[in-house]
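There are two complexes below, and they share chain A, which is joined by chain B in the first and by chain C in the second.
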Partner chain A sequence: MISIQRRSGSSLRWNVVCFSAAILGAFLSSATLLALSGGDAVKAFSALFTGAFGSQNALFGSLAKATPLLLVGLGTVIAFRAKIWNIGQEGQVLAGAMMAYWASLMVGSLPYWLALSVIALAGLSGGGILGLLAGYLKTRFHTNEVISTVMLNYIVIFFLAYLLDGGPWMETGVTVAYHQSPPVNPALEWPELFARGAGKLHIGFLFALAASAFCAILIDRTSLGYDIRAFGSNPTALRFRGTNVRRLLLVVMLLSGALAGLAGAGELFGTSHRLRAETLLGIGSSGIVVAMVGGLRPSGVMLAALFFGALKSGAIYMRLQSGTPAGLVSAMEGLVLLFFLCAAVATKFQIVRSNVHA
Partner chain B sequence: MLELMQGPLLISILAAMVRIATPLLFSAMGELVTQRAGIWNISVEGTMLLGAVVAYVVASTTGSPWLALLVAVFACALISLIMSFVTIVLKAEQFVAGLALNLLASGLTLFWFQTYVIGREPPKFAGFEQVDIPFLSDIPILGPVLFSQRALTYVSFLLPPLVWFFLYRTRYGLEVRCVGENPKALDVKGLGVGRRQCLAIMFGSLMSGLGGAFLMLGYSDRFVPDLIAGRGWLVVVAIIAGNWMPFRIVGAIFIFALLEAVGIHAQVVGVAIPHHVFLVLPYVASLALLAGLRSRTHQPVALGVPYSRE
Partner chain C sequence: MENLLSVQNLTKRFGPVTANDGVNLEVRKGEIHCLFGENGAGKSTLSSCLYGYYRADSGVIRFKGEVAELNSPADALRLGIGMVHQHFVLVSNFTVLENIIVGSAETGLFLTKSDARRKISELCENCGIRIDLDREIWELSVGEQQWVEILKALYFGAELLILDEPTAVLTPQQSDQLFRILDGMRKRGLSIILISHKLREVMQSDRVTILRKGRAIATVETSETTAEAITSLMVGHKVNKHVRDRSVEPTGEVLAVDRACAIGEWGEDILKDVSFNIAHHEILGLAGVAGNGQKELFETLMGVRALSSGGFSLEGELITKPTSREMLDRGIGFVPDDRFLEGLIPEFGTAENLILGWQRAREYCRGPFLDRRKMDALARRKIEEFKVVTASADLPVERLSGGNAQRIILAREFLHSRGLLLANQPTRGLDVAASEFVYEKILEKRASGFAVLLASEELDDLLRLCDRIAVIFKGRIMGIVRPEETTLLELGMMMAGDASDVQRTVQ
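Take a look at the complex of A and B:
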């Protein structure tokens, strides 16, 4: 007789089985989706793989796409580990990019590395302030952070739309209006790590790696990290222990937003060089997926960011080779997340075979 | 002269308010029942989007808006089984499940949109027609505002009283509310908690699908991926701001609808303020409402807490 029982510990082998099944399930259902829409799944996925890992440039391209996802994912981990449901990453990425762009208009005369630091700090503070605002609404007015962060997303999106469409940052002197800013000062672009054009891997990648180490240490080895984890599992106990829960909540939202903001600044100064909503929207929601699929652990988030960065990077080549729309990757994100959610539950159970004589 | 101009403008704004409120009312009354059963389902936005997509596909292939509506509602009821499975059977974090459904819906929509809609000749599209109610639509001011709308708008007027009656005056409604407050009490009596939650999720989902389908078929002639544009989230805001009580929720919805209606008309009339200011108003108002109306006395105690018998 076979029965399903709750597992006492966790088993590495069973975890690998569950999560491999989840990835397989996501790929199979994506392939079904492609087949239903008349596409050639084998051709599309092989193009996707070639576009992501087929050459050195492709690999760098994947790392470049993974960079903002990693930063946003890490920020999400900090908030979600405390069970503070910050889903304002879209807005925080935009706010970081906007603040960085604003700063870049003023620091042209500074020495290069100082200017770069100011821009990075501006990115951090742009996202951080927006996160802090949602945190303040929660501590002061008990506004549910899920709702407030989503509403702030829309508010920031419309604010950027205003700035780039009739507002002060609109590109003027062109015949067609694209709702984008003029290019950033070329002297302030973030340096690329390898020869120009090699996948546009910029210094933000190093920032993201540093942020990964920072988050891993913060969560596992500091008292703030302990408080964050404790707040997620038992906030009442933390309150009785005398921890200033309000301050903790504000700090978490600040850090979470700041990392998303840095991702926005990096995309603007490292990759797109123009402030434009279309290039930034979607990074926030992908970053949330990365954090969840990465199991809310910095090491897992690094893997997940690479995986989804590769998907996004390969999607461009896939579209050229097989005509499959890049939107397939967005659908796959949702599918992977849903399958991982189920797999995460499955890891807590075991299948037991026993001989019961009735 | 000025007054002549203002009369029609006011009527037009109010009529727009009523039609904008219609899909929100459908979704909100469904989501209210879901939340009253203790399920913190934030996938309203995604479900409305799916409803709109299905309605668009069916309407543009068969030409019948009513069939499109029916299929959309049915599809969303089916989709709700995913939410039920993840939250009731697997007992996963409800917020995460809702988030996953939202992302899945927007991802699938984007893929479908890029495959089938973009860069093609838009299909001929027959939406719902305006239905004037005889005699009532001739009443000055009230007539054009309330009684010259789409048929489903009249249905949406009846919905809040019906949902109120269900929740507060029927046995099953009491049981659904009990699931949200004290599921153990129900379980001890031998009444299934999971079945009631599953049905409540399904009702919420199909109503959200109805709202999304109406948004598509009622007033648009083409599909855009951001058709829902945060309306599903405004519905959740309205429920919190309305303290989980049907008629207060209706009040919050009409505030959002009025703001949007004013915004549309300000663009048409040409007020010297950037139109983005009007577009952003409902979202700013929602934050203000949540900060101002802090009464959570009717929030279901077990909202978002998975029930397990231990």
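Take a look at the complex of A and C:
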């Protein structure tokens, strides 16, 4: 007799089996999709792989793409572990970038490292304030955070659109408007970790690594992490047992938003060097996917961020090499998420062979 | 008499824990069969196996003489086995009727409500259940919601009904009604498996099967045995009932509540002019039918519910606008009546739950970090002291048996409180021996100078433990009496709001 049953513990081996199956499933279905759209799946995938890991340059490119996803993913983990559904990462990334840009306009005269710190802090606070705002709406007016964070996304996007199109930060081109800011002060760009030309891996990558360690320790080893996990499991008991849950909610939203904001600042000062909506949109939502695929654990999020960073980075090469349409890459992202969510459910069950009716 | 259900050699393991170990059980047609055993003996696990929620590792289950394939609750329902869970699974803004027929196979695409209504009214009549089929679930009391669950099982054609601690959440009156209903069902040839820790209820069954450490050690005819005999079978020795030490006299004043009032969501009075005090070395009992403001009284004293007027003082100090933090820091221990909602973090293990409320206390932290080593040491000590049955200190407490979860709360509160202990139904869901253990601990606290507020539905227990008993009815204290100057009957009358017997309040 073989049957499927809810499992009472978890087994590492079974988890590995489930997630390997998910990766395989995602690749097979993506390959089918590629084949259906008339592409050569083998060629496309090998291009994808070369683009992502084929050379030192490619690897650094993948890590650079992974950097903002990791930061956003970590922020998402903090909120989701508390079962606070902050899904305003898009807006928080933008707000972080905007705040950092604004700060950069004023700190040109400061010593370099001081200026850089101010910019990073501004990025953190831009996202953090936006998160805090949604948190405030929830504690004060019981506004559902899913709705408020999404609405705040729109407000931030339109505000940015105004700033860049007719507003004070518009680049005044010779003939056309570009919907982007002038380049940031080159003296304030974030330093690259390796010699110029060796990919665009900037110091934000180190920030993201530090943030990973920070989150892992925070969640598992500190009193605040205890509160966060407890809030996710049973907020009532936590309140009965002497924790100010309103303040906790605000702290969680602040941290969650701040990490997303830092991702925005890093993209602006480390990679694109111009404030422009297109380069930042999508990071937030991919970051949520990364957090989910990473199983809401910092270590898992690191792996997932690398995976999706590689996917994004390799996709550029794949498009050039095999002419695969760009939309397929987003579809692949979606497929990976789908398979991983299925795997996450599957890990909670077990297949048993029993001798009940022997 | 023929057997409706027969279980042979059923074994169920959870990792290293063997919850059921070669259990044999036979249930006759038309009997109330009680499962009795210590916390963690495997009663809930056994019934979950019979209901198809868990799959046994080995063993044979025969229902009506045939081997039953139970892979899911749906299989069990199809065969005629129904179960009423302790936590109901009703849709709260559906009517009673809709809740009963939702998911039934007969309704198909079109809900033929009129047919269903006729059938359900008939069922109600047969079992003596009086309920308005058009009320919505949220309007019903817990007891009535339980009837809906029962009706639902019967509507699906259940011939065997499993009830897991059905009376733990009921008032004594509601339990009596439930037993009348069960009796009606038994007369109509239905079989019932009942799990309960209350001897009064166990003695109303036809037969009792006693489980100990996962094994069924005996099945006895209730009419041929006594409550004491069953209890000693269960724990393997005689259980002593503790009484308070009368040579210790209450002195001074720890808690003084002065005309406390609280107002509910709809502007109704929840607490009205509640006044009492508790001294050192004193246990004040709180008697009352559930839902008369006990819960709210405890919540206001714990600082999680606001008073509308009046107040209370601790050790002579007036407390204004308390928070739960402040009350914990002042050394108040609190055992809530709803353990999983108010007292525990279900996904946390024993170690983490033991410090809930103290996760920032210096004892368990190093700076902002939790001191895992200290937490684990504490968990090991308390698991042993309170005999918590758990596979490890990290196993989520939602996986523990009800009584074991309660022990964790008690361990935590006994450890951290200094001076005042508020205990709302601390023995709910505990087996007889464990209840006595808790009472023993409470009496120890009394001896060491604690003031204790103890609410319980077991009046016998209150009478032997308390220095004084306050009776609450509709948010008012009907009177405060001494156990040696009162009777069960008097208490019962006061609990029913009968104050003709002039309000008595003793100091």
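Please note the rule applied: the second predicted complex is superposed on the first by the 353 of 358 C-alpha atoms of A that agree within 3 Å, B and C clash if a C-alpha of one lies under 4 Å from a C-alpha of the other, contacts with A are read in each partner's own complex, and residues count from 1 in each chain.
As a convention for this text, contacts are C-beta pairs under 8 Å (C-beta built on N, C-alpha and C of every residue); 3 or more make two chains touch, one makes a residue touch a chain.
Keep in mind that what you see is a predicted model, and the values were worked out from it rather than measured.
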Chain B versus chain C as contact partner of A:Ala237, first or second or both or neither: second
Dominant contact partner of chain A by residue count, chain C or chain B: B
Partner chain(s) touched by A:Ala26 [first = chain B, second = chain C, both, neither]: neither
First, second, both or neither for A:Val290, with chain B first and chain C second: neither
Partner chain(s) touched by A:Ile155 [first = chain B, second = chain C, both, neither]: first
Chain B versus chain C as contact partner of A:Leu275, first or second or both or neither: neither
First, second, both or neither for A:Asp227, with chain B first and chain C second: second
Interface residues of chain A shared between complexes with chain B and chain C: none
Chain C-facing residues of chain A, complex: 3, 5, 8-9, 217, 221-224, 226-227, 229-230, 232-234, 236-244, 352, 354-358
Complex contact set, residues of chain B against chain A: 42, 82, 86, 90-92, 95-97, 99-101, 103-108, 110-116, 230, 233, 236-237, 240, 274, 276-277, 279-280, 283-284, 286-287, 290-291, 294, 296
Residues on chain C engaged by chain A in the complex (per definition of touch): 14-15, 54-61, 67, 69, 71, 302, 304, 323-325, 327-329, 334, 336, 340-348, 352, 356-357, 359-360, 365, 368-370, 372, 399
Chain B contact footprint on chain A (complex, rising order): 33, 37, 39, 85, 87, 137, 140-144, 146-148, 150-152, 154-155, 158-159, 161-162, 165-167, 285, 288-289, 292, 325-328, 330-335, 337-338, 341-342, 344-345
